[in-house]
Structure formats: C-alpha cells, structure tokens
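Next come two complexes built around chain A: one with chain B, the other with chain C.
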Partner chain A sequence: MINILGQVAEGQIWQPTLTELSYFAPELVLVATLLLLLIGPLIAGRGSGATLVMVVVGMVAAVVANLLVMNQVVTGPVSGLAPAAGHMLLVDNFSIFFKFFLLLFLLGVTVLWMVGSAATERNAPEFYILLLGSMLGMSLMVSTMNLLLMVMAIELASLPSYALVAFDKRNRPGAEAAIKYVIFGGTCAAIMMYGVSLLFGVFGTLDFTRIAPQLVEIFENLAQVPASKLALLGLALLAMGAGIAFKISAVPFHFWCPDVFQGAKIEVTTWLSVASKAAGLCLLLRLLQVLAGSAHASGHGFSAAFYLQVVTGVVAVVAAVTCLLGNLAAYRQQSVKRLLAYSSIAHAGYMLMLGAIVLTGDVTQLVWQTVVIYLVMYLLMNLGAFGATALVIGQTGSDQLENFTGLGRRAPALAAGLAICLFSLVGIPPLGGFIAKWWLLWALGQAAMQQMHWWLWALLLWASFNTLLSLFYYLRVIRQMYLVNDDRPGLKVPAGGVVLINVCALLLLLSGTLLVNPIRQKVGRYTDHIFGQSPASIVQVNQPQNISGNQLDGRSRERIDTQ
Partner chain B sequence: MSGHLSWLIFTPTIGAVLCLILPGQLSRRIAMLSTIAALLLGVLLFRDYLPGGSPDPTVQRQVFGSSYGSAEALKHVERVTWISGTNFKIEYYLGVDGLSFPLVVLTVLISFLACWASFTIKKAHKGYYVLFLLLETGMLGVFLALDFFLFFVFWEVMLLPMYFLIGVWGGARKEYAAIKFFLFTLAGSVFLLVAIVACFFFSGRALGEPGGTFDIIALSTNPTILKYFNDPATTLAGYRFGSMIFLFLAVGFAIKVPTVPFHTWLPDAHVEAPTPISMILAGVLLKMGAYGFFRIAYPLFPTIVHDWAFWIGLVGVVSIIYGALCAMAQTDFKKLVAYSSISHMGYVMLGLAILSPTGFQGAMFQVLAHGISSPMCFFLVGVIYERAHHREINRLGGLWLTMPTYGSMATLGFFASLGLPALCGFIGEAFVVLGTFRAKESFDWAVPMAILAATGAILTAGYILWMIQRVYLGPAREEYRHYPQATRTELSILAPLGLLCIVMGVLPQQTVFNFMNGTLNQLVGHLNSAHQQILQSMIQPLASAAGM
Partner chain C sequence: MYGLMLILVVGFLMAFVVLVIGKLVRPAVSHPEKDTPYECGEPPVGSSWVQYDLRFYTVALVFIVFDVEIVLLWPWAVVYKEIGLAAFWPFLIFFLLIAIPFIYEWKCGYLEWVRGSGGQADEPPVTSTESRRLSATAKAMS
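And then the complex of A and B:
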C-alpha cells in the first residue's frame, strides 16, 4: 500500500485530472445509477415503480452527461483517458453515438418491461442493476483500444447477461440457457484472454494502437520472422477473434444464441439481440480500423497489404457463412423467439460484412456511417419485432408460431406494426431496413470498386441473395398472422406495448422515405473523426481549450509517431 | 399544374391513408373516389397532346418526337434531390414520355375498373382497399420514375400489397400462390438491385468521377457512359460488365413479364387472385417487365442488346408457342387465360428482339392491347365464377343462350385476345410478325422466328375458339339456366374495355401510335446510332494501329 502511494507521488501511476474525468461523465453516471439502485431500495422499497423512477433519473442524467461531453468532443477528434503508456479509454464521436444508442435502446426495453413484467416483478432493482451493468460493459467495449480493458469490458458486459438470462428462477429453460451461456461465454473469454496474453508476451504492451504497427511490420517482413513467432501470433489473433465472435454470435460461435434467446425473458432477449452484438461488432471494427490505419501509415507494403487481405478474407467468409446459416436455420423454427434469434444471427452476418471492407482505404468513413444507420434501424426493427412477440407471449402464454394465427384480425394494430418490422427486417423498400441494407450494399460496392476484387462483388451478391432467403421465414410469421383463417377470439393487448411497436414501425416507414436524407446528414456528426480512422485525422488534433495542455500534447504526438 | 405527376402518384396513397383512418363502411367509396381522381389526373395528361394543344401540326401527329431523353421529349418533369451524399445524389425524378404515357393512362384506367370490379370482395374491406390503393401508387411510380433508385423503390412497393391481396383475398391455394409470387418477384429484384449498384459505380468510373449517377436518362444517353458500359474491355469480377449486368436486368424484368422459363408464378397467382387483382396483374403488372426492357435494359446496353437479340427473340417465340400449347391443355378457365397472357407477352419479347421501329411499335402496342383485353378476359371469367363457383371449362356450356349480353361481350373480349383483325389484339401481333420478317437483313434467324410466331397465332385461335365452343356455344344446360343476366355493374366494367378493344383495333394510329411512336422511333434510332458509335470507337484504335 505504501509502495503504491509512493508510486503515485512519484508520478509513476497516472492520475486523471478532473477535466479528463469529465469526459467519462456518462459512464460515471451509469455507475452512480448502479449504486443508487443498490442503496435506494433500502429507503424507497423494492417496488417496480420506485426502481423505474431511479432508472429514469439515471437515464436522463446519462443523456445530459453524454450531450455535455459531445459538445466538448465535437471540436477535437479524440479524447483519451490514459496513463502515459497509451490509451486506456477513449472518447470520440462514435463512442458518444454508441452511448446514445444504448440509452435509446434501454428506453425501449424499459417500456417493454413496464408493459410486460413490471407488475409481477419482485426483483426489479436487481434486474436493472444487471441490465445497467451489462450496458456499462458494452459502452466500455467501444471506448477502448487497450486489450486488458477490452477483456474486462467484455466480461463486464457478459457476466450480468448470464445472470439476466437466468433471472426468472422458476423458469427452467432459462436456467438451462444460462448454463449454456456461461459455459460457452466462459470458454470464449478464456480463449480470448489467452490470446491477449500471448499478444502481450510478443509485443510487451496491451495498447492495440502500439501493437498494430508492429503487426503490420511483421506482415511486411514475413520472411525474416521465425515461423514459431508467426504461429504464436496467428494463434493469438484467432483466439482474440473467437472472444469477439462470441459476442457477435458469428459462426461458429453462435450456438449459444438461439437457446439463450429462447430461454431468457423476452426483455432480456431483446436487449441481448441488439446491444450485445452491436458492441462486439463495433469493437471488432475499431480493431480492424486501427490495423488499417497502421498499414496506411506504413505505406502499404505489398506483403502487408496481402496479409491484411487475409484477415479481411477471414472476416468476409465468417460473415457470409453467418448470414447463410442464420437465414437457413431460422426457416424451420416454430418458436418465434428462436426464429428471431436466428434472424439476429443473419443480421450480425450482414453487419460483419462491413468488417471485411473497413480496411479498404477510402471506404472507412462510409463503413462507419453504415454501421450507425444499420444499428439504428436494426434497433427499431428488433424492438418492434421482439416487443410484439412479448405482447403475444403476455396474452397467450407462449411464443409458438401457432399463437400468432389470425393476429391480423385479433389485434390489427399489433399485427400491422409487427408486419412492418418484419418486412423491414427482410429489407423491403420503402422501409428503414432497406435503407440500412442499401448502405451496406453501397459500402460493399464502393469497396469493390476500390479494390476490384471479384470476391467483394460476390459478397455484395451474397448479401442480396440472402435477403431472398430471409424472406421465407419472416413471411411465415406474416402468413400465420394474415393468411391463416381461424376463429380465435380477439386479443386485448396493452395499449402501451402497441404504441411502442407502432412507433417503431412508423419510424421505420419514415426513415425509409422522408427522413432518409436528414438521417444521413445527422449520421455524419457521429462518424467524423473516429479514432484511428486514418492517419490524416489523427494529425489534425484540435485540442479542446480546457484540457491541461502538456499531457495531451505529449499523447497526441505519441500517437502520430506510432501511426 | 405543377407537380402533376406527384399528385397522380400519391392521390391513391392519400386515399389509402383516408381509408385507414375512416371507418370501414366508407372504404369502398374512398377508394372509388381516389381511383377516379387518379384517372382524371391521368386523362388530364392528354390535354397537352390533343389536336389544338400545340400549334405545330407535326407535334400533333407525333408527340414526344424529340430525340430520346432530351429535355423536350420528357414532359411534366419533376426533379428534387432526395438523398444526397458526398459523391452521389439520389433524386426524386419523374417525367413522362411516349413510352410511359400510354402505360400511365392504362394503369389509371385499369385500376379504376378493377376498383369498380371489387364489389365481389366480401371480407375485410378496409385492408383490401388500403392495399389496393398502395398498389396503384407503386405501379404509377414505376412508370414515372426516371431515377434508378426511385424506380426500384416503387418496383418493390408493389410487392407487399400484391402479396396480401393474393394471400388474404385469394382462392383455395392462395398461400402457395402468394409466396410464389413474392419469391419470384423478389428474386428478380435482387438482380435488379445489384445491377443498380453496379451501374452507379461503373458510370462514375466511365466519367472519371468518384460517384456515378442514378439518372436513367443520363445513363442511357451519355455517350461516355454508354461506350464504357458496352465496351467488352470493361469487366466486373473478370466477366464482361455489359453482358453480366444486362443479364441481371433481363432476368429481373423477364420474371415480371413473365417469359419462359420464369413464368411459373403467373398461372398460380392468377388462378388464386380475386378477379379485380387478376385484372391488375394481367393488365398492368406484367407490363412493368416489358417497360423495364424498353426503359432500362435496352437503352443502357445498345451493343449488348445486338449480341443478345437472338436469345431475347428465342425466349419470345418459346413463350408464344409454349404458352399457347399450355393454354390449350387447360381445363381451368382462368388458367387458360393466364397461359394466354404468357403467350401474348411473348410477342412483346420478339418485337423487342428485332430492334426495329416496327418491332418496337408492335411490341408496345401489344403491351397496351393486352393491357385492355386480358383484364376484360379475366373479368369475364370472374363473372362466370361468381355464378357457377367453379371454372371447369368442360362443365360449362351454352352460356351464350343463358346470358346473351354477357355472351356477346365475352366473344368480343376473347376475339380481341385472339387477334382478330379490327380488334386490338391484331395490330400488335401483325406488327411484330411483319417486323420480324422484315428484319431478315439484320438477323438470319428473323424469318424462322417470324414463321413460328405466326404459327402461334394459329394456336391462339385454336385454344380460344375451342374454349368458346365449350363454354359459350352448344345447347343451354339445365344447371345454368337460372343464372341472372350480367348486371349493370358488370356491363359497365365490360363496356369500356370492349369499346377500347374495338377502337384501338380500328383506329390504332389515332388512339395509340400517335402518342408513342415519336418516342419509340427516337428510341430505336438512338439505340442503333449508339450501337454504331460504340462499334466505331472500338474499331478506330484497331484501324489506326493497322494503318501504322
């Protein structure tokens, strides 16, 4: 203890200034909310209502904090919270977007929870503690380039998720799913940790911005590098990839997904289907992008470019297979939750395709725009689809496809909203889902034009072709709702839920028609100056005036050097 | 009126929203009003092109006669940026010329009549009319959009309403038919989508700019883009760009036409769809495929088209013969009409293949004639089905005696479909066959194909006459004796169609050719000159190299 204090005094251990800490106000607010949820029930009781008030207060505070931070960051590209050794955490426009995204999604899930299970929930504070905990982990996942913190963030996101899946004690499938989830997740985490430790062993640092240039250098001078070291590196990268692929539920690390989605409570399923995948995907994109930035800076040695393409190729193949498998496996499902689980695997595949092109020079900006648009649309579609499923479960007791029979007549508003969300998931114009898919195809086309690789065109065709495949199973639900005749009595669905679903549907409809351009313009705000985007953007660091000068100067200079 | 075309497209949408909001009892009235409003807006388009509308007599005779795609040729243009980016622009770009104008009028007319004919719909009025009106918006949008992306959006907008209209209000195997329709069309759309993306990027590359264009007119008239698109040296993923993208587009449109071998969705969809939707399907939806060839696939790839002409013609001839033979084998009345549609649309493909003004005029006339006669035939079938509740040709008989007025109307409609001279079906087929004969200098295969196509007319006569004999002629059967005469509503739907069958057959010049020949001739001229220029520009380097 004394030793550590001594180190602090000597400046060996870094201490953030207040201004630097202020960049992490949103995360700090989240932590504060967590504490409030732990302590608050002692005073206000454990009711759902009291919990909701606390959560809403926390969310509003987080939004305000995020807005404040955004106004500071907007002038400069990146702010880091870091010891001199490198970035521990970073705040850029994209991480701010992602926090907004998570907050918006949390709002949706909360509405769903209010409609569905708030009345009967006896452990509301714990539910939200776990939910917010995983949210904190996810927002950290997209705000770091430090491998240690990355592992910790993934764990922080995962551990509460395990508990959330098993949250309902009386639900046996949930417990079973949670066990599967824990075992699978734990194994993947261990593998990832192993990979990270190997990387640390090879490079002596955990800062990926420093590892990336060295990696590129190794790629360039492959002939001089001993084979054993190469094998080690390959193993390390693969192991790291496994950890991230688990979060994205990319093939072959997707096995947990259908079981967990089916077993968990529907609010939890909704949460995991979007947030967890989004975080994993964005983390992967960031890593790849830093790698690309380093390759750019090194002047694109031939072999480096070649090996980067190998990395890209692996991502592309995984993406293509994930898409196909998700779409094919969804077809036979009788449980709608499970069907949507496979659909989310397929969508993870589509989004993963972006990972295959983020290394292409000029497309980077477009890739991030696509990510933002896709994620927002995906959020709306999934919230709507899962929300409607939740309402059906609430009224009929199960999520079997059978229970959707005649919904078009039994609950017209609900069915119409769900149908729009499902068609949007297929990607049919003029809905938001089509716009998202259009940007994906657009980005792929752009990259294909840059690189003139036939396989990028093939990937483009593949993505379109998979749209066709996906039509089958989404239509099964719609068919059941509208085309199958029966004379079951009408459903009395809670109005709040129907409003939520139709708001999603309406937004999807608008974002596919009138709002396409406004959205596109808004998106630019969050995708400018993304960390590691290109060497150029790092050089033009505009420091916010209120940051203590020296330290940041030193850091940004360092960053220029490493790039 | 500014925004004429937008009003035209979105009047049905407004109607759909009103239907959705207001109580269900009003739906039919609202839908009728919206389709009438759209019909009026469509007919108002005539105003500028009627005699006296323009002082120049040549303009009166051949409106839209300016060179293809020029500012003078496109009327009522509306152009607003819809989605803009750093190096691309997607526009809300509408316009009408001789190619789209007749089709727009056809669409509003058939939509109105089909809406009028929707009195047979018994359940869920509200949903039906909402979807119906959305469908009309989609159809009009496809014919009027001049931006590739916008075109695609409208193209897909039709899909969903159609799926539900067949799937919910259809016959016994409606689910199967609906999903088959959806799947086939979406498969075509996927090809279309990839083609759109590729065309955009390659047009940018042709112009040496970072981004390209979605403007269909620019894509089909800019010589730099045309040359680059048709150059065999332009490759995509190792294949010749032009051939590949033309193939994508052709498959996408051929599914919609539909031609053999992509036709299998059509009989199912037609048989299961309710009568008014069959009318729309046959009268308008099939025309979109042909329109796609005229507007996009051909103008973008004039040279490729020359290379592929044989295959397009072959597909056309096979469709004619195969469709006719299938029609002959049917015992289901509606299926017979459905297969006859495939056969008739085969003439369109053949007319397209020969790349001559006669061929194009014949093909386009056939599109319009079929757009009038086939909805009539489907409605005629629907009238029987309403009474008999079955469509077995062999169980029917002697209906002319039972229902004389209806019988006469039916004979008129089916003779028009058969291609009897002085009725509308004749002109298109005659033009196509004659044009194909005359194209023998350009293509060796023209004469055999013309002969086969002419044989198709015999087959058509065969199955239609045989059907008329079995259904309408013969002694009146006891079981059908009590059938009521055709009602006023039914006659009011049949009469305008029948009238058009006659008028278009007798006065083709005044009713149809005057309005579209200008554009069609310019289009053919444009295709041929573009083709020559591209060949020249490809030969020139070779020639100069040889000269050295």
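And then the complex of A and C:
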C-alpha cells in the first residue's frame, strides 16, 4: 500500500487514455451489447424478435467500430491497454480480420437460429448473451501476446460454450455432452494455467514477446543450461500447448469434439466448429510467430536451434495425427453431425500444419495469407454443411444419414447447396475449398523448397493423402442424397435456410472461379503490416510517459524487433 | 532435480508401503456394521444421494460474485482518498458491470426463495432397492 501511495504522489498510476480505449472499441461495443441484452428484455420483453433487434444493433455498431479501428492500424499494429506490461492488447490487421470473421459468422449462425429455433425459443436473450460472451473471448484470444490475458480469453470463450451446449434443459444428450465438455475443458485449462505459471516463474514476465527471446537464447545454449531447467521449460510449454490444443481439438485433446457436436443444438455446434477452432489456431500461430521472429533476430535462425525444430516437430506430428484420426474416424459415422465433427477435426489438422511451417520463418507472409483464406472458406463450407443438416433435423427430427436418403429429389435446392459445400470440404476444384487447400499445399511446398527438410515434403504428401481419404466419407453423404432412393415424401424446408446454404455454396463457387484474383489481392489487406515494418516486429506506439527513468529504457515507443 | 525425485519416490513409497502393510497384517473379518457409513453406531437415515434444491446453487453463485467484488472493492476503498477521481471512474464501470446483472437477476426472480417449481419434478422418493438395503442394515445392527 505504501508503494501505491508513493506512486500516486509521483503521478504514476496508470490509466488508459481515450485514444488507447478507442482501439478497444469493438470489444467495448460487444460488452455494451451484452449489458443491453441483460437489461433490454426487462423493458422490451423476452421475445426472440426484440432480442434479434438488439443483437443486430450491437453487430452493426461492432462492424462500425471495427471499421474505424481498422483505418487506424492499417500501417502497423498498435499495442497497449496495459501499463508497463505491454502487448496486453494487440490491434493489427489480422485481429481486425478476425473480428470481421466472427461477426460474419455470427450473422450466419443468427440466420440459422432464426430459421430453426427462434420461433420456439423461450430464452433468446440468454442464448445471445452466452454466444456474444464466447465471441468476446475469442476476439481477445486473437489480439493478445500476454499470457495472462490469453488464459482469461480462453476461459471467457470456453465458459459460455459449456453453458451453450447444455442450453436446452430437456435435452439429455446435450447435458451429457456439456458435462464431458466442462470436465475436459476445466482440466485442460488447469493444465494450461500450470504451464503459464511455470513460465512466469522462470522468466518473471507474462509478455510472450519478452519470453520468446529468452526462450530462444536458452535453446541455443543448451550445454550451459541445467537439465532441470530444461525439463521445467519443456513441461511448461507442453502444458500451455495442451490448453490451446483443447480449443483447436487437436489429437489427443479432441475427445470432447464429437460428443459435444452431437449433443449440442445445431446452431451451437456450428458456432463451436468454426469460431472456437479458428481462435485457438490463430492464437497458436501468433505465439509460434513470435518464437520464430525471436530465433531470426538472434541471428541463428531456425536450423541452428535444435529445440525450435523439436517444437516444430511436435506441432507437425500433432497436425498429421489429427488429420489422419479425423478422416479415419469419420468413415463409420451414421450421425451426420458426428461425421462433420470428425471432418472439422481433420480440417483443424490441415490448418495446424501451418503452425509447423511458421517456425521455419521463411514463408511467414504466405502462412498468414493461407490462414485468412482457409478460415473464410472453412466458415462458408461449414456454415453450409451444418446449416443443411440443421434443416434436415428440423424436418425429420434426427441427423442420421438415412434421413438424407433421396434428398436430391425431396429437396433439390437444399441438396445441391449441401453437395457443393461437401465437395468443397473435400477440396475439389473449382470450389473455394480447393483454393484454400491449394494455398495450404503451396505454403507447405514453399517451406519445403526453402528449408530442404524431408519431413516438410512428407507433411505435404500427408496432406494430399488425407484429402484423398476424406473424399470417401463426404461422398457417402452425397451418394445417400442422390444415388439411394426410396419413396420418402418431399421436404418442405424453410426458404430462409435454403437461401443461406445456397449463398454459401454460391460464394464457394465464385471464390474458386471468378473471384480468385480479387481474393488474393484482398487477403494482402489483412496480412500486410501485421508485424509493423519488418515481419514479426511489434510496435508499441502508446505512452507510458509516466514511468520513472530507469524503467523507461527501451520501453516507451518501444519496437521489439523479433525478426 | 534429485531432491525432487527423492520427494516423489519417498512420498509414493510411504503411502504405498503403509497401505500394503495394513492389507497384509489386518484380520479380514467382515461384519455389516463395519460397512455402515458411521462407525460410531449412528444409524444412517435415508439415501446419501440427496438432490439439493437448485435454489441453493443460485444463491451460492450470487454470493461468490459479490464476495469477489468485495475483495476487489477493499483495496480500492483503502486508497480511494489518495487517488481520487482516477480511481472513481474505473470502479464505477466495474460496479455497473456487476450491478446490471444483479438487476437482471432480481427482475427475473432468482432472489425469490418461494417461487414456482418451473415445471421441474419434485424430489424423487427413496427407491425400493434403497429402502430394502436400509432395512437390511437396520436388521443387521439390531
């Protein structure tokens, strides 16, 4: 307390300025929408319509706020909202992209919800409070370099998800899935916090941009470092990785995924299948990026640091196993939700391969472009596939594969849209999924060309081989829709849902053909200048003016060139 | 490193060895009395699988939220006089973030102790197997 009073006397109590707070505007708008959703229903009633109006107002405000912030960070990232810790909140083109991505996805899920369950939903405000709460957590996950905020963001994204899975009280599979999800997620979070606390104990800071250079230094002087410290660091990094792998649902932390996807309401399943994985993946990529940048800054680079190769190897192996397991387990599924759950595990594996090559450091820009393209395509494909499944569930009451029999005749427009989304999930040209996979293989190939490591070529071949594997189980659904036929009556699917699915399908078709070039140019918008002037550098432009002299060294207007 | 290993190994052995010795040495005389929950002889009443009223959890949750708020409010209150307005605004926002959910909760009736069951079934009665087991225990003890 004495210390605090001393700082007060010298005017050192840190407070965010309005400029700094303005970078935080999209998140603040989300918080305000959450509060509006709590208070509004007391005045306007708890109907689905009133809730939707409030959500749409919040979303529009968030888009506007995001646009305003976007123009401020277009030339380089801004980091702030922290006293001396730094990088507590990082706003750059990529985090802006991710917030747009989440908002677009929220729009899709909202349309799905309106078509499916808005009419019978009695707790609409609570549904959106939880949904927006997890969205807030996810957008924070992608905009931080601070391990404390990282842990909090992951929790903020997870806790509402648990409640969302069990949202329908009378749905017993949902309750069971939620219990599994909570126990698994809670354990992973505890392990992650243990790892983060070990890192804090070793390095004395939670800012990963400061931890990474020290980590690289330790990796490069292995001989001088005591074995116990190395063991401690290995444990810490593994434990931290466990928490992130849980969010990505990478093997061996994927067990929650099929059960939760099957038990939860389909809107929630759709939300978790894309948003939660994307946030975890982007967080992991950011951390690995800083590590790669630090390795380059130290002058030795990737090939000199054996331990970096170990980290890369772990990520690569996890990615490869995740792909294979997802693709193999999807074969025997009779429930389409479960099949799509395994498909999403496989896609998480493909995207995780980018994590393996980002550490090589030579293809940084390409990796981030691939992430942007892959995520957008993955959003469209999954929204379409899960949306079509939602419509079939809505009409037939279950998601068993036999309910898709003869869908090509019973609901032609729906079946056509779903077929395009499924073909795109395989990665068949000329669809968006092919473009995404093409960029992925291109990035892998570039990394392999430049590093000349045999395992990078192996990873590339592995991704292609897994694409081939995945063809068969997606085709099973399509075969059931078009080639198997009996005399089930036609389905009267809601027009709104069919429009949503066909918009997704149309966008996938366009992005694979006419829009290839515009997309390529547009992607640069979100991946250029992520890292300031040079790749992987993070610029801290704000304050802190009121830090005393000895603390000021290299801190105010600091530029941590980590590459 | 070796110290840590020593603690792990000795800790494991101490627990393990004591249990094994106990297993080897103790006489194995089974008696229904020994399987009852209370060795002091108190006969247990009813099943231990009691379903708690959900209202307890609601109150407990609210209690935790406000308990934590008090913890955060305390240091703020201590230094408030010195810091002044710089401390006032952040805490007002923080307080609003807690107060608005509180109003929500109040309005939704979660603070009412006596309210409708909301369609939930009453606590299930003790099942027949359960009561049979209980009477068997009572017989064995008498």
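Definition applied: the second predicted complex is superposed on the first by the 511 of 563 C-alpha atoms of A that agree within 3 Å, B and C clash if a C-alpha of one lies under 4 Å from a C-alpha of the other, contacts with A are read in each partner's own complex, and residues count from 1 in each chain.
We adopt the following convention: contacts are C-beta pairs under 8 Å (C-beta built on N, C-alpha and C of every residue); 3 or more make two chains touch, one makes a residue touch a chain.
The structure displayed is predicted, hence computed values, not measured ones.
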Partner chain in contact with A:Q214 - chain B first, chain C second, else both or neither: neither
Chain B versus chain C as contact partner of A:R479, first or second or both or neither: first
Residue contacts with chain A in the superposition, chain B compared against chain C: B
Touching partner for A:S335 - first (chain B), second (chain C), both, neither: neither
Touching partner for A:T396 - first (chain B), second (chain C), both, neither: neither
Partner chain in contact with A:L468 - chain B first, chain C second, else both or neither: first
Which of chain B and chain C A:N123 touches, first, second, both or neither: neither
Touched partner set for A:S228, first chain B, second chain C, both or neither: second
Chain B versus chain C as contact partner of A:L460, first or second or both or neither: first
Complex interface listing, chain A residues touching chain B: 408-409, 423, 428-430, 434, 441-442, 445-446, 448-449, 453-454, 457-458, 460-461, 464-465, 467-468, 471-472, 475, 479, 482-484, 516-517, 520
Complex contacts: residues of chain B adjacent to chain A: 81-85, 124, 127, 152-153, 156-157, 159-160, 163-164, 167-168, 174-175, 178-179, 182-183, 186-187, 190, 193-194, 197-198, 200-201, 204-205, 236-238
Interface residues, chain C side, partner chain A - complex: 1, 4, 75, 78-79, 82-83, 86, 90, 96-97, 100-101, 103-104, 107
Chain C-facing residues of chain A, complex: 1, 4-5, 8, 13, 15, 31, 35, 38-39, 42, 226-228, 231
